[in-house]
Amino acid sequence: MSLLSVEQLDVRHGLLKAVRDVSFSINEGEILALVGANGAGKTTLMRAIAGAHRPAGGRVVLDGRDVTHMSAHKRVRAGLALVPEGRRLFAELTVEENLLVAAASGRSGEWSVGTVMEAFPLLKPLRTKRAATLSGGEQQATAIGRALMTNPRVLLLDEVSLGLAPVAVETVYRSLQTLIEGRSTIVLVEQDLRRALRVAGRVICMLEGKIVLEGSTAELSIEEITEAYFGLKSRQQIGGGSGP
Amino acid sequence: MTVLNAVIQGIMLGGFYALLATGLSLIFGVMRIINLAHGSLAVLGAFLAWWVVDKTGISPFLALIPALVVMFGVGYALQLGMLERSLRSGPLIPLLTTFGLAVVVDNALLGVFTPDVRSLGGPAGKVTIASWAITDQIAVSAIGMLILGVAAAVLLGLHFFLARTGMGRSMRATAQDPDTAELVGVDSRAVYARAVGIATATAALAGFFLAVRAVVEPSSGPTQLIFAFEAVVIGGFGSLWGTLVGGLILGVAQTLGALVDPHYANLGGHLVFLAVLAFRGRGIFEARGVST
Amino acid sequence: MGTAPVGGVRPNVQRWTRLSRAFVGSVVGVAVLLAFVPVTLSANVTQKLTAFFILVMLATMWNALAGYGGLVSVGQQAYIGIGAYGTVWLAHQGVSPYPAMMLATLFSGVVAVVFSFLLLRLRGGQFAIATWVVAEVFRVVVSLDKGLGAGTGISLIELNRYDLAQRQAYTYWLTLFCAVALMAALFVLLRSRLGASLQAIRDDEDAAASVGVRVLWGKRVLYVFAGLGCGAVGATMLANTLFIQPNSVFGVNWMAFAIFMVLVGGLGTIEGPVIGAAALFLIQDWFSDLGVWYLIGLGVVAILFALLLPRGVWGTIEGRFGIQLMPVGYRVRGLLKREGRGASATEGGDPPRPADAEDQQAAEK
């Protein structure tokens, strides 16, 4: 049985349909990459799965439980954690306090302030620094660490490389290596296609709210994914200019 | 000398205002709402304590305990029942609903308790009248010192709560970013309810002391709201220590105003408030979120 | 207004509909008819209508601030007091009572200008309570003035030069004139360019400023207008009730009434305050002997409307049926080849739903 499954999810922003009839599932230990251009609906989808955005239709099922109508904090307690796009740290709280807030969700497991510090050594000297004073890479590490503090069963990572210098991105992914190798269940939104394919076992490509390509990273070529990413294939099939 | 005396009396009065303003400041810091029913809730707390004393004859300081517990519950229910919905509807609605609540509370008190003033000074015993003479022109009242002490203790307690405890951390996080707080497992509804509960209980505590050191009547609510607000503005929204300073400044402004003419006591406070507004546009310790 | 063709279709921008033209026409007619009331109907009716017009003015002024400016004031009683006590003071100086009322109204506007510099630096709840503080200051100052009756109150004895019927008639005409003038002025204001900026300010102040809307100027105009209008409320109230006291004139109960009327009638609509005033008028007539329980009832109803029906009676009707009687917005017709409710922003061929009308109304207002 899958650990997380999304069934025919419809999510709206006002009148705009940002996510349309999306279905996929992920098993324990899998790493799924979610790719697509800006505005494809990836962040909306992640937020809807995490409970920050109420869907207009469809279901989200976590470990057999229908969590579609559960508030976000309850989903965290059920084992679903999102590292939001843009980090969204609590700016006036220190690094340690940011981590401790997440610990209040009460799930037990291997992650604590100490183990997070081990996984992200760059944070060690920053424990008592206000989050607003950190660099992009340090903030990202803190944000991931914060999500880990909830000892999640499924970790959702939304654009962890956004706005970071290449060196910082390297550092972040190196720290994620332990998670990746350790059979964690991760859904990863990533703009850098090559990196996404290197890290993930499966990939889903979204375009204008729909899934246009899905498959194992071993079998799909980067060209196929790029075509789906830009909707080139579908345009060729329909023939002529697409809509507005 | 009389000026010095006025300043000292003003500081003690300021302790009361700081206590009164704490709840208003907390709710604003956490939820960005100005609770226009704050003063009325303080008066409600006072009447609750008075009613317990009236019915059972126990000491007011004992009656205070159930009053505080009940008022915490009132605040909690208020958030879940009314403020939560108001928050979702935009910035105007919370003002209108809390104003409506003030009207309801004030008039309900009027209907139940009649317009007569009540005091808890008598039943409170010696502490209301005791004082220490420092010089032959300056006296420091026991009740004034007690209120100042309680205000300091409450603010310290709140500071400790926010800075050191898990619940306090969750509250600070929710104040800064409720959406993300939910995403890391914080029940923002419960946090808000707790904040309003605490704020209402501290308001009730202030109302209680108002009844002890002076009198309360059902229509006292609006005036107390104005004083609380002035203290918060003078000191700066969102900062608890700013609220203390603001309260002290307000108290001194009032006692100095009274020195000029007894009728000008409140006016002194209003003028300082308007002056702070005119020259600074915001308070002395303006802060984002809830800072300690 | 020039409209460029869009996709081959030239859109038609209208300000009036047949219905709104008919409505405004009949409103003018009704206003003219109302002028004849004192000479045709009983004194009781005359006085009741005067009280009703006063409520209409109060509701309209409060709505102008909150519904069109986003400024919640709980301190308009300051200007009500200035209008009332200003009249008394001027009458004491020898000015004839009715001209004194007009002057006192203008004076309220001037005071509003002065205080706008202080108050408009604030927003939201801070603005609200600050207006209350200002009202309190006035209350205290007036209560200490023996010449104005201090705490006990004072009457406008200068009105005794008129007999009862004359006084009621003059008061009625003055009140009717003020109410009509204020509402007409508001209507014109909202239809002007300033009106469009005001609605932008109300909806998102910072966004409005970023496109060059002069936010402070817009708010100031509204605030002064409302101050002037509340001055008229005070002056006419004095003429209608004769005796005033600082605690009631500068009391915050006026705001409770205003908020009730506007919430029930419809925040941000011109017609709403009139409906709310009618509702309050009837309720006052039936229930005011219930004392405090009447005020509690008002408060509870206001809260319920704020939470459950924030657009009020008229706002909800307008939204549901897409009716506009007093047109302050713009309608774009003919953009899509679809009959009925004009353009809507859905994609992918969804048929228009009631929500579309609401969104369109929102876009218009």
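Some observations on this one:
For reference, chains read A, B and C in written order, and residue numbers begin at 1 within each chain.
Everything that follows uses one rule, which is that a contact is a pair of C-beta atoms (placed from the backbone, for glycine too) under 8 Å apart; a residue touches a chain by one contact, two chains touch by 3 or more.
Not measured: the values here are computed from a predicted model.
The chain pair with more C-beta contacts between its two chains, of A-B and B-C, is B-C. In this assembly, the chain whose C-alpha centre lies farthest from chain C is A.
Centre to centre, using the average C-alpha position, chain A and chain C are separated by 51 Å.
Inter-chain spacing, taken between the CA centroids of chain A and chain B, is 44 Å.
Chain C has its Cα centroid 33 Å from the Cα centroid of chain B.
Counting partners per residue, chain C has no residue that reaches two or more other chains.
By the touch rule above, chain C contacts chain B in their complex via residues 66, 70, 72, 74, 118, 121-122, 124-126, 128-130, 132-134, 136-137, 140-141, 144, 252, 255-256, 259, 263, 267, 291-293, 295-296, 298-300, 302-303, 306-307, 310.
Contact residues on chain A toward chain B in their complex (touch as defined above): 50-52, 71-73, 76-77, 81-82, 84, 88-93, 97-98, 100-107, 146-147, 149-150. If you check the complex, the residues on chain B that touch chain A are 166, 169-170, 172-173, 176-177, 179-188, 288-289, 291.
Taken together, the chain B residues at the contact with chain C in this complex read 28, 33-34, 36, 82, 85-86, 89, 91-97, 99-104, 107-108, 110-111, 222-223, 225-226, 229-230, 233, 237, 263, 266-267, 270, 273-274, 277-278, 281.
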